[in-house]
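Structures incoming, each one as structure tokens.
Each of the next two complexes has chain A plus one other chain: chain B in the first, chain C in the second.
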Partner chain A sequence: MAKAEGLTWTVDDADHMTQAEIYGEVLTQLALKNEKIVAMTADLATSTKIGKFQAKIPERFFDFGIAEANMVAVASGIAETGLIPVISTFAVFASLRAAEFVRTDLCYQKRNVKIIGTHSGTSFGQAGTTHHCTEDLAVMRSFANMVVIAPADARETAKAVEAVLGWDGPCYIRIGRGFEPPLHKDLDFDFEIGKAIELRDGHDVTVIACGVTVLHAMEAAARAAANGVSVRVLDMHTIKPIDEAAVLKAVADTRRIITAEDHSVVGGLGSAVADVIARSGKGCAFRKLGYQDEFSIVGYPEDLLHHYKIDADGILEAIAEVVRAEFEQDENWEDED
Partner chain B sequence: MQLTNDPLLTENRQNLSPQWHPPKALTKLDAAERKRLQDKARELRAQIVEVTYTCGGSHIGGSLSQHDILVALYYRYLNIDPSRPHWDQRDRFVLSKGHGGVGHAVILADKGYFDPQLLMDFNKTGSPFGMHLDRLKVPGVDCSTGSLGHGFPLAVGIALGARVQGHKYRTYCVLGDGECHEGAVWEAAMAAGHYKATNLTAFVDRNKLCMDGPTEKVMALEPLDRKFECFGWRVLKIDGHDFDQICDAVDTALAETGRPVMIIANTIKGKGVDFMENKTAWHYGGLDAEMRAKALESIQRS
Partner chain C sequence: MADHTQELRARIFLRSALPLVKVVAEERPRYRKLLFKANGVVQFTASDSEQAAWIELGDGTIDVKQGLHPNPSITVKFKTLRDLNTFFAGGTALPSLKRLAGIPSLLRVVPFLLKLKVLMPNAVPTDPAGKALKVKMLLYMVSNALSQLNKGGDETMVKLVKNSPDRIFQWTVEGGGPAAYLRMRGGQTKAGRGTYTRRRPYVHMIFPDIEGAFDVLTQKVGTVDAVRYNKLRMEGAMEGGKEVGLLMQRVEALTTGA
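Let's turn to the complex of A and B:
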């Protein structure tokens, strides 16, 4: 089984660390082994937990204050000198405020810079809409040369950080605020950029989820099984490049797909999957769960996931609906296998 | 930095390029050196006119105003090797006012980074050359610029990255004055001041015009010098077409160890071509055969 190399902390530690703390720890350890890694933030060292790096390797850490656009361009310049910058800030600022700099200074110039966007989706519930980010997957996906990853939990985040550091080019990882419950019990799982993880096989309907919704999808699948519905769950951690083969297999095997994400239904995981389904030319029932082209409200994150029907209850409701749906046929429609 | 770390002293430079002519530390230009730079500037101004004529149009006004600064840097200061455009110890140059690309390209061609004939395809579909130079397509270009407000923070990043690794190369950056409207310019200035990025030397090509008219009428910048000083820079003000003043300023910047240096170079848009000088309209323009001839003749007289 693949192990995350270079990590010296144990599985036991992971249970006590939040998603953000783990990534901070992993990054620090990888940086202790690789002198080229440099970390930076925009006055969010404590919130994004990159403060660990700052404490251990201050000579390779920069705080640029509350100026994200500058930080991204500076990272591009630092990458020119052969170093590997890792930027840490809130998803909304990384993807929107600094968008042009990400596109033009990182993606267009193919700079080896990694961005970790924290507090994505509505994980920063009480902070309200200005600090939520339900558009980052859509924005980052639209940039050529960008890799976009939404890990499901802390252990996946650790593997994702390691994976992007082994990838030559700009990468974006989005995580929550750090208090999401664990999905994986240990590090004994393979993580490969662009390859979905099939957490559960099934043949009636497939739920393709990413980030915090993956655990909810698993719960919904277990409850659906009790009602005799066989649900496949795919952890589509990499939104770009998306695992087309896994989506096409889900179309062929189950003919019903539901996507779930802590993100708008416009432009994110759901749209990326819809792209693949439509191009396949095959009939497939399809639903997207997420924020329905609306801004999110203030609330506790767990309540918001329920409110917007992207928690286990919401996914279960969608499963029940989709399983009952008939394909719409007209006289020219033929089902090809 | 101690005096013994003076980057002008040959023994403190790593891996000197055979093409680098070390200036005598902190001495003035002699007559021969001054003439060499002036002749080269004149020769390459004519080249800018030729490329503009051939390709249908260019940002000729700003390419001519920035020109003498670039000539001084490329023919006296930059430790570079055209045969090794990716040599990791080279000095870096970032044209933050990326629309001056045609002027930059002409210099890179003359230095030998690529076949000058390629410039005749400027702007054509598939050409490596367009209004804004692409570092992945044009050897000698360290950063792709064009959108204003990007190059300056890129240059700050190079300076910081060099320092983290203890590298001794210098980074030079040329900004436009209109470009200083962009907030990112001030974020970068603040960061460079805060981190005392003294291995970065920047210029503002202060030709006092932007596209919609004089900068002071569109969005006033003055007092520009005091703004940069407040952001932690040492500011020098010069005539951007006087090689003695340009070189004195760079020498001062290279010896300055307390703060990064911003050289505000007062320039004339379209400098060298009399009918273009100080004209907003010549921010971007094309030349027909008659104007080309007039332009070349004006340059010869300059």
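Let's turn to the complex of A and C:
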């Protein structure tokens, strides 16, 4: 088995699924204190790590087999009784296969159901394009009443799980698969749904990232600083409701914005940020990093992030580009006298 | 041809300092009266340089343009650019005068030129109005002069600006006082008056009042003490503050000939 090192991980590290493991652990601990919490999966208890819940509290665990839509429908009904169902399956199945049920049975009814979509983006690497999920943020974000969260690492995932259980309404958390390197050194940080975390202040460019790309944005910012470019990094863990104030402040302060996500550039974080900027009427140089309206190829996750320029190298390249970008049509370099 | 340093000095005098005669006219009614029914063009030039500027008087108004006027009322011509710089630095350098019919125009301009001496370090007004004028003129001149360093090819400034992201260096005197800024990006610079509103400054030097600004800009107090005694507040990138501080010293060295 390959050993993950530094900023990389491999799909072979099935025993190092820290992000998923943490959420499984936290969910179980919370469920031991709150009897309303029930867990559900669709034949993926082990892979999604919700199996931890099954081992500790089997009477509140339900495996529906390969029947995601059915699982969502049942969750909706159970939620009506006052219980809090937490569904866990691969992101691609939760957001695409079961989409109509999520929309109509959960969001339309505003049911208090939580969905944990694992193996999102291209984190499933060699499992291939069919198991990659680069559309879930777009789909889930488009459903009214839905909260959409993409935590940056395991510790943030733990806080996100706790936060959604305190939120009345449907929520979707997307996480990766493997040994995503830790961003936060400990749990000593504030996490609030809809409130971005400013990890690093900067004056020249702002990188707004979510999920696994946040750590890469931090690495890129550190490397850019060595070249004299000051980069702000926002961990935009909540895609919906997005932190409009943080986006607008970034536009006002730096006027150059890059979004980075392990997701299609259509409909995800970049689109959410673009919506905010467009509504504000403020001009800025803007780049969306992600999958550029294409299906992802097959490979190791770290190679795919590099290929699609959403790792530290790619973000650094975008920083260099956006710093030079022209965006004001009325540029006038005559001194006032 | 004049050497590069003299060209740079002249650039600052002609493009950053000389235009401040307009500020004098705006701020001092007594000087505005000198412009009553005044019409004419006073040209400044030097034999060994293409740099030149003229002052245009237009019955109550005064303006400054760069280059050679096609038909000046009078031409104040120096043998060398060094002499022109000495003249504008307040030293002694005698020019030749051409078209003596324009002497009345020159006489109207001289008080304005003398008032520009307020920019020099040894000019220390003590009255509030004098301090306010000096602060305003210094802010306008320094921001413009920094831009001239880049446009005139000052090696340090050009290197700084060449690879610079879009950055604003802002100076503000609070309480309705004057403000000026320098914008730089990718080799280009622009000096402007007032507050740049399209993005947050990279470095913002904020003076609480005219008195504080006066003490800092005339180096009556150093930057560290100014911050300690609330005469100056720095916002933004501290390392940028150091950069601009050094460049402001460079401007002063050029204008004083130190």
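FYI, the second predicted complex is superposed on the first by the 310 of 337 C-alpha atoms of A that agree within 3 Å, B and C clash if a C-alpha of one lies under 4 Å from a C-alpha of the other, contacts with A are read in each partner's own complex, and residues count from 1 in each chain.
Quick note on the criterion: a residue touches a chain if its C-beta (ideal position, glycine included) is under 8 Å from a C-beta of that chain, and two chains touch if they have at least 3 such contacts.
Here the structure is a predicted model, which is why all the values come from computation and not from measurement.
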Pick one for A:272: touches chain B only (first), chain C only (second), both, or neither. neither
Which partner does A:64 reach: the first (chain B), the second (chain C), both, or neither? first
Who does A:236 touch here: chain B (first), chain C (second), both, or neither? neither
Look at A:91 in the shared chain and tell me whether it touches chain B only, chain C only, both, or neither; answer first, second, both or neither. neither
More chain A residues in contact [chain B versus chain C]: B
Is A:99 touching anything from chain B or chain C once the two structures are fitted on A? First, second, both or neither. neither
Per the contact definition in the header, classify A:83: touching chain B only (first), chain C only (second), both, or neither. first
Counting only touches as set out at the top, which of chain B and chain C does A:183 meet: first, second, both, neither? neither
Is A:289 in contact with chain B, with chain C, with both, or with neither (first, second, both, neither)? neither
Quick one: which bits of chain A touch chain C in the complex? Just the residue numbers, please. 203-205, 228-230, 252-256, 323-324, 328, 332-337
Tell me, which parts of chain B touch chain A in their complex? 88, 92, 94, 135-136, 142-144, 146-147, 150, 153-162, 164-165, 167, 183-184, 187-188, 190-191, 194-195
What residues of chain A sit close enough to touch chain B in their complex? 38, 59-60, 62, 64-65, 67, 69-70, 73-83, 100-101, 104-105, 108-110
Can you name the residues of chain C that touch chain A in the complex? 15-16, 19, 22, 64, 144, 147-148, 151, 163, 165-167, 186, 188-193, 198-200, 202, 236-237, 240
